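Chain nomenclature is as follows: A, B, C, D, E and F, assigned in order of appearance, with residue numbering initiated at 1 for each chain independently.
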């Protein structure tokens, strides 16, 4: 460890990727997200890696001892890494000197995967609470039947809501779903609409994303996701479950499927229908609000100097976000 | 009064314009909204009028006694009219046989002007309640200072929110403002945003419409409305009032003006700024929701057969609206 | 019958609506498409009707004998009508003097409904021939299973392809389907693509229209049509039939559903997916070609003077169409 | 040549650029497409080259013996190159150790230039066959007159159809032209249109590209291409040739020029006219189909792992393309 | 002539169509622009005419003496008309009682055709002055050669610049051309551009409209206009004349044709090229300015109450225009 | 200094950044615009700098003597630099060997800041001349009052007109303003519009940019710029000054504010109003012309080989610009 330099990790607080500083020594465990063997100009190979934890990613380089370290640093592995943080072309990189494997049974996965800031168990309880509050018995039973399927539940607990836009992290879909259903219900009361339909629409509107996206090792589209899309995937699934419920009213099925088909709001956003009922309009606008708001808050919290008035450029919103708020007491 | 024909008005319930039926006799008071003297094909003049009450408008014709009836049926006057309802080219018209002036002191104006379904006094109380709940003292004082101006208050109580789109009726702006501030505050809590800013933004976002539109005898744009627009009118007004409050923080002024400048959301809707703070995004989306929802509910309630599954075509939303909702108990 | 005026109908060729001339007497049978009782300016009712046959529609008026003729001229009835053709405001109208009912068993429906110029039996044979030529056994069996359903077959034989655009007539959907599958197969060969997929995609791409549109008495959208749309209706149906075929390959199901989901080509045309395989691209472009070509040919053949170089304005194509072609022998 | 490393080229199959693998030794001839002298960080120059053959391009570096090798490796020269293939930043590069000139008379140009997969002589024969089949004598003579011009023929045999989109290779324009005329004629028969016009429109629709693009050493726009564009260039040329044919009917000239002016279909694609005849619509849609289909098939065949379900991202189509097709026998 | 009613025409100032008032007697000569024989409801024909002079058009009806008056009131004829001005459905109409032919040699055509407010001889002189000021001898000779063609000159003197937008009147194209060349030259000096090119571009940019539009009896598109368009028509013509000038520099031809091809500025306005030189940009912007300014000034001067602050709705500009200007002396 | 290499700077003409050539030695003073300390691959730091003068910017590297030179080469400092110009990846870079501070009192700032090619004193005189020529006394006094404010004048003399588009240099706003007012006045005369309004609109239309942009050390948006925008900033300022002029006519204020609010022309360009008077239309079009023309001329003069027919790609105009003009004498 270098003299006179601040060293981070192991001895106290964890050295989160988002908090690395140029010039410091680091001694911490990270997951290997990508790995490339390259040729040095002078000949001989070196390793270019992406290391990460749940707070972000950083480039890392191995100049020496390439063969030995390469065996430790496989994609998907968690390794204890010692090295120096440097700045190169405005970005940080870690020059790795040593690396040791972390035994699988010692790995706390929650440290390495970006995840909702709310515990998925808490989110799941809130979701169940919202479903229990659905007055319409057909819709309530439909929702419970869908959530009771272990295959659905397992995926829904961890699925992200997107590959790279808002809520693009573990359990992001659940967080988005619960937030939408909560405010959807409030708004349905305000406008005196059918609460059961609105809550059911919010809960199911992105369900298809559990089949549209694969999350391991990184978030990628599935073949079904690209060729059919989450909207059709959930419409097919919901319709299949309804077919198993003989007393489910046809009028209700039509309205519920319409909520799913119209939740993108406008044709140019891949919406095969536009909202034609107040409930469909509400589900669409609440989705829009929750997505954009998440994108804005993520931009405000993104890496960059938090003292600066403006966030880094947000690609989703195509703008910079202003971070200053007036203090309530002045 | 014709034998064998149903006669409406005077004897019991009022004969609202929206409830006139072809083939009936009518005997009721209406306001004259337009008047044209035309030539009959066979020579000689006749009168073509628009009669109305708060439920709608109907064409009326005077074929005989034109000179005498013409003196009674001036634009803006309220007259008791006797005649027959006919259907012509798919539309109703009243052939007027007799007309008598209604003395001004007997006129109940609320019968003739389309108006919010909520009493403006109730709306005003809600507005004051929302303002009282604003924590930030600068914003609370600013709002009270603006609402305390009798010229502003008088116009705000009666102004419509639009000429022909959503909330295009007496006190429509107040109804829209109170609805937005109510749900804006709920959403601000949900997302942990600055409630004071959001409520202030909702209250002031369309204030300029009190100078943009003139309401008498019909809703029309003013010169200021067309050349400057409500957005600039309210920015100029709010900035002038803030200039009278020496301790008003500059940071707060900048943020508040941004909320007003960005509330249309996108450049193509005449928004000189796009929302760059979560509060500005929220004010914009809540405005969008409340406007479209009002348009949808107005379409559902619009004239046409209420038993039909589909509303008349809604020009604002460019679609037909589905009227059927599932019953909660089935 | 007027002296010196050309009289049409009954005595020889039928007096098609599209061939009526101002100033002639008419004596022919038509179907009543709409009927309105209106008030004359001088008092007393008259009838305003729309009469039609498969070549078009014309306004008709009954000034006298209103009660008696009104009983004959109900909406949906076929009546033998005697009267005079006049021109009013650039449009033709028939002043009806006499009307007699045509007994139902004497009505040849094909005279009154606009229909494909090709016999539906011939079209159906061509469709079966195309399906028999499908090499892939799963797809061939799927298509036969769908077409073997009497409910589907009965609707598909008569359904139009649209409410008011191209192929908006009886059996228009069948004509469009057969045309598309024919050239789709040719193009698939040219580009060495999977013929079976392309033919199946063409046959099924608009199947949902048999539930999207009702054809009697005029072409109107159903509730399912407006709320779910033909694209989703056919995807749900095809998926349900595939679920009954256990050996149907999953890869094939995914590809086929993608063809249906992507056949509108671009998001802004309500396409929830864009074509991501050459077969999907081909089905989309062939649909585009056949629809626009039909619109253009319908415009060229539309009413108006066939000697004129330019067609009436085509609303579908938003332009006038040039009718002159060079003669091959000059 | 390194021990234990696979060596490619010279000894058996050619070492095509598209098949180079990191870590192998290469000994093969390539054309030099670009050359840059750069400074090493430690001082002294090195060469950065682009080497290519008809299958693609690869970066190459000369670190030593720069002066001598630089004389061999001039832009446009073909050289026999010995060196090592490395991977750098996800891309391959060749570190060149030796280079020797290949005598011009030993150069087989077809190895180095990307070209249509069909022999241009075969394409030219097909083109002549299509022209011979044109019934309309004026159009047939016009086409032969244009193709008989040696300047036109020489350019048309080798011109690409684009700089970087579909058919952007030697003889790509000819391939595109023949493909379009072939299916254009089939479709003209299907819709009973004027075959002669359609074939003539297909043959001439991109003729101007022979003056719009220069192909040596890389495909670039000419001044005429940028300032006038291929559409105007071909309209001017065709009109000039027609002016030499006194009996050419004016009606035919107008229609033919319209086909050329309207073949981009919509104003926003730089089309000064939109198609106003069925023949013009057909030429436009067939152009669209053949261009997009070529783009899709090029993406499917593009470099990348052919076993992967998805192609590399296609910039032309703005999407990934699915490579899997169902097997006909399953 | 009716007692007590104001009578207009013949006795003093002309009774211009734009100045007719409801209720007055009229005795004046007009041109017949359209004529329709219609059936009265009670039977028997009547005439519906459009009468006009250079200030506008008015509907006219002949109820009696239809046969005799019909012979006088043929389309294109000028007739002295006596009748009464009435208001019907918010529009004026003239009920004609008498009509007499005006001998052709007594007809002053300039009274009946809407025309530029500037004498075409004056406009032509200005045009020649602008051409004489062109320094570049090739361009100057080209322009004189084109204007010297009697066929071109005769059409250019009277052609409108559009069918229904700006400058849609006799000599409107000449007025627009001279205005553009005048300010184009000023702007070319301001930005130190090539004046000769700019003036030539302005003079020729809409020349093709003399073949695109026919002016008699009303302004309509020609077949060449619809199928080829004015832009291509003028490019073909200018290129043909340049071909007759052997010493005309190729560079100059390319630049000049580019000015014509790019003058619509953007692809979506049917511009096959976008401006790629400062001179091309200038010609485009000056065209835009002169067209929109003319549209705005025409709206300000349009019929409607000139005392009103706002013009009638301008379809070209999609807005109302404000008519009030501040007085310079206040 | 290398033998046989051309050395530039100090000895005669200045070595402007825009004229540096690869391979030469340089000995000249530049301002340091950015500075980054980076790690060499082999370990140890080096400096990556941006050096500039008013003609452009160039990357510079310090490989040795990093500590000592780093103290001289601070951001904002002017230093005399000795080193070698190299080419790396198609771009130039200077490898710095020596650097010495230039004493502040010897720094001629005009050498280092990109600036209008016209002296700001001359531009200011022209501006005052234009204001003196304003006939309308209210507008003239308003303009003088605004320009007399030392805070405004100081900023207006140096402000750029944009951050990265046209006129993005010192005094660029003044240059743009004077150019626009000059041609705005000419055009106002041509169309007989209110010259005073047009000149006032041109002078004030971008005034808010003096608060929207900060110029030191590089051009960046202010918080007010991003949240309120120059359009609103100038409307608020102008309205505040008018409020101090009691006799300023209300009609004139409304019209003038409209000119500012509408100068972006269309909603999608962030214009809260569209031009509704000829004067507003003129200010908008003249702004468009002057901005685009400046962008085009800047592209023509941009770095790159001036002998080449085409400019480097212009991001503002999204195209390449043709540099060749015909010579007037040929």
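Rule of thumb we're sticking to: contacts are C-beta pairs under 8 Å (C-beta built on N, C-alpha and C of every residue); 3 or more make two chains touch, one makes a residue touch a chain.
Fair warning: this is a prediction, and the values are worked out from it, not measured in the lab.
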item	value
Target chain F, source chain C, minimum contact steps	2
Most distant chain from chain E by Cα centroid	A
Rounded Å distance between chain C and chain E, as computed from the means of their C-alpha atoms	43
Chain centre separation (chain D, chain E; CA means) in Å	48
Per-residue overlap in chain C, given as positions that touch at least 2 other chains	223, 226-227, 255, 258, 276, 320, 322
Chain contact topology (line, ring, star, complete or other)	other
Chains grouped in pairs wherever the two touch, ordered by label	A-B, A-C, A-D, A-F, B-C, B-E, B-F, C-D, C-E, D-E, D-F, E-F
Residue numbers on chain D that touch chain E, as the complex places them	223-224, 226-229, 231-232, 235-236, 239-240, 243, 254-255, 257-258, 261, 267-273, 276
Residue ranges of chain B in contact with chain A within the complex	135-136, 138, 179, 182-183, 186-187, 190-191, 194, 196-197, 249, 251-252, 255, 258, 274, 276-279, 281-282, 285, 288-289, 292-293, 296-297, 300, 319-322, 324-326, 328, 330
Complex contacts: residues of chain E adjacent to chain C	36-39, 41, 223, 226-227
Interfacial residue positions of chain E with respect to chain B in the complex	22, 63, 86-90, 95, 309-310, 320, 322
